Amino acid sequence: MSVLAALELVGLLRRQRLISLVPLAAIVVLLPLSFSSAYYYRVAALVFIFAIAALGLNLLMGFAGQVSLGHGGFMGIGAYAVAIGPAHLGIPPLFSFVLGAILSALVAFAVGRPILRLKGHYLAVATLGFGVLLAIVFTNEANWTGGPDGMAVRGPTLMNWPLRSAATWYWISAVSFLVGAALARNLVDSPTGRALRAIHDSEIAARVLGVDVAQKKLMIFVVSAVYTSVAGSYFALINGYITPDVSGFLRSIELVAMVVLGGMGSVVGSLVGSAVLVILPQALTLFHDYEHIMLGLIVMSVMVFLRRGIVPTLAAVFGQRWAR
Amino acid sequence: MTVLSAEGLSVAFGGVRAVDGVTFDVEPGMVFSIIGPNGAGKTTLFNVISGLCPPDDGRVRFCGEDVTALAPEQLARRGLSRTFQNLQIFSHLTVIENVMVGRHRHEATRIVADLLHLPAVARQNRRTREAAADALARVGLGNIAERPAGSLSYGTLKRLEIARALASEPTVLLLDEPAAGCNPVERREIENIIRGIVGDGITVVLVEHDMRLVMNISNRIHVLANGRTLAEGTAADVRANPAVIEAYLGVRREPETAGAVS
Amino acid sequence: MGITMAEFLQFFFSGLTVGAIYALVAIGFTLIYNASDVINFAQGEFVMLGGMITVFLGYAGLPLPLAAVIAVPVTAAIGFALYRFAIAAAREATAVTLIIITIGASIFIRGAAEIAFDKRFHSLPPLFGSNPIRVGGATILPQSLVVLGGALIILVLLWAFIDRTLFGKAVIAISANRTAARLVGIDTRMIVGVCFALAAGIGAVAGILVTPITLTSYNIGTLLALKGFAAAMLGGIGSATGAVVGGVLLGLFEALAAGYISASYKDAVAFVVIVAVLIAMPQGLLGKAKIERV
């Protein structure tokens, strides 16, 4: 095979949107072979759950270059939807799950319109304010949400089969992540995706080429909210219990840390960032009290030293452009 | 019928009148150049015409329509395109992706279809890519389509911006100092590119400092100084205009005769 | 059901007191923002540290006045360290990156406090006793007057410092044009570091003054930072007078909202203010509107 033909093939393969999902799918399928107890399934499920949320935030931050320090709010909406629906409104969990996603989309649409006009640190703080406001509502409306102590989440059943085991949630969350990743990859090589990436680099040039910047930002904000809401719902369902912490300020910052740590704009990075920030506290259960110090140190170190994130840095070191 | 006209445009920043009562008409198919010393208000004028800066006074008309209040994206959809003096490249995209963004107004963008990458999206991607490749070929950059734009030289990026603007199939193309920072060889390439653009029926409005380029290629030249119109006419007219000479070169002084006193 | 004057006065006084604290946090924000364009979310932790360090040094046996006198410079040193090791070390960081760094720092400091101290609430004895003073049918604690007086003194001293000393001139120069300041030989890193230390010190004093009224605990910093920021935004970020005005106004809004609307949503007021100000008038009441040039 001539050099030219080989280069063309590589180029073609690189442009194959979904090819890098193959190793991810392989990991998903093969990983459980190493699990020796339900605990591992649970941790892995949590990793994938947060990876979904991080992926959503990554679409907003990595792709479109907008920042949100309040995405915990959407996790909260998704989480409380599956809790409140069955408990207070008699809506089955699956329905509540969908309603939660729709509600998150609507809230994102309503809030996004005025907020996304802001730039830089103004946008950051506005989203922060929004996230904390939601957390306050969740804490205060005790009649609905059980207040600061939280509320139980009734497990869902699929045709009378209770979806409760950690293994079940592993498969649900892992497959959901793969689907979410595929959608994200599709977006990259599409007019919407190119427009968003263009907005990230130069809003002015994008506008001058006919891109409706405000509308695009709003659309991706809504999509990222839905991703995060789904993750929130899964989180509530796997735990069987939620507290307002699910949507708090710390949670929002954790999500940002996952995105930056893994690599902004990197689908694989969302998984890596989530893995680090979920597994580390688990590994350090002896040092449970040191959780905040660790998170603070991680956030600071990543932003100071490893701003590009793990995956892009590794990719640059190995000369490939794997992750997009 | 004029394709683009400015009527009494004025813009002031604080106390400074960057553009003061500028009026001109651009006929279709011509190369219309705006020149003037630094600080004359040329880029501000471009910003007003392309919708990035609202004028304090005056109107902009595009194909007969009053477009003064329109946003840049609306102007783009009507067929007005521009490049930037300081380059606004999408550095994280490849060369061809940059130009594909230029096709945006000819693409259907529906986020659900895009997320699912429906067959229609794949077909459209192919068409967009082909059109983008054409535009790249017109500026001579066809061979570096897959390179990341952030890694290229200044001269190459200037041509990339032109290709990107061309990809939108504009009626009028505003070129903001396309030859800035270019060596004579590159300047000649730009000249040829512009001739090619005009040959395709696109009207070109040029802001430029490089006099050779301007004199070689312009049908009409509009001279600005201190935000105001100094002169307008053909290259020959403008070259001979004393006011223009003075604005650029200063007043001619009589040589001092040796030994003169008082 | 009428709104009595006494009731209103009561809310007014408590709002004023808490507003003074917000004003001090906001001034710390503004000082740092003007010197370095950084929005420092760890500002609230400095308030927490002032109170907590004093309390725990007191438990350790030190007389409280001495404890307080030690707590302030220690906190100031932590502020300097924050700048030196987290902010200055981040090269070419965007505004958002810097905010996230300070958020990380505030989480770190909070985590450290959690371990070094404990998770309970603590108090300090008030300076002039706790007999409420009656004013117009309402009561005000003597410590509230201490807080208000202390805030005033700090503001005057800070103003004098910035306006009258060479150091202050350097700060003004840096905030106007950092590069130019460096070109004329101003050691920007040292000066900005000192500004961080100053802001931390001011926060610590605020914390010590208010602990007798509101108590202190390892996690009061976050909410305080957010509210102080809301106050700074309301007044106009970058404006010192604005910080004071914003702080007092926010305190009053909060107290009145808590009294007349809903006590449990008291904390929400600050965030509604943030979002409203950002959407409707990002430059705040006294700040300058930004003109974006292409």
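Letters A, B and C name the chains as they come in the text, with residue numbers starting at 1 for each one.
We take it that contacts are C-beta pairs under 8 Å (C-beta built on N, C-alpha and C of every residue); 3 or more make two chains touch, one makes a residue touch a chain.
Predicted, not measured: the structure shown is a model, and the values here were computed from it.
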If every chain is reduced to the average of its C-alpha atoms, which one ends up farthest from chain C? B
Can you identify the chain nearest the overall CA centroid, using each chain's own CA centroid? A
Using mean C-alpha positions as chain centres, tell me how far chain A is from chain C in Å, no decimals. 33
Cα-centroid distance, chain A relative to chain B, in whole angstrom: 42
Could you please state the distance in Å, as a whole number, between where the Cα atoms of chain B are centred and where those of chain C are centred? 50
Shared interface positions of chain A, touching two or more other chains: 204
Could you say which residues in chain B touch two or more other chains, in rising order? 52
Touching at least 2 other chains, the residues of chain C are 294
Applying the document's contact rule, which stretches of chain B touch chain A when the two form their complex? 50, 52, 71-73, 75-77, 81-82, 84, 88-93, 97-98, 100-102, 104-105, 107-111, 113-117, 121, 124-125, 128, 146, 164-165, 168
Chain A partner, complex, touching residues on chain C are 39, 86, 89-90, 93-97, 99-101, 103-112, 114-115, 222, 226, 229-230, 233, 264-265, 267-268, 271-272, 274-275, 278-279, 282, 294
Give every residue of chain A touching chain B within the complex, in rising order. 11, 17, 183, 186-187, 189-195, 197-198, 200-202, 204-213, 219-220, 223, 265
The chain A residues in contact with chain C across the complex are 67, 69, 114-115, 117-118, 120-122, 124-126, 128-130, 132-133, 136-137, 140, 204, 249-250, 253, 256-257, 260, 289-300, 303-304, 307
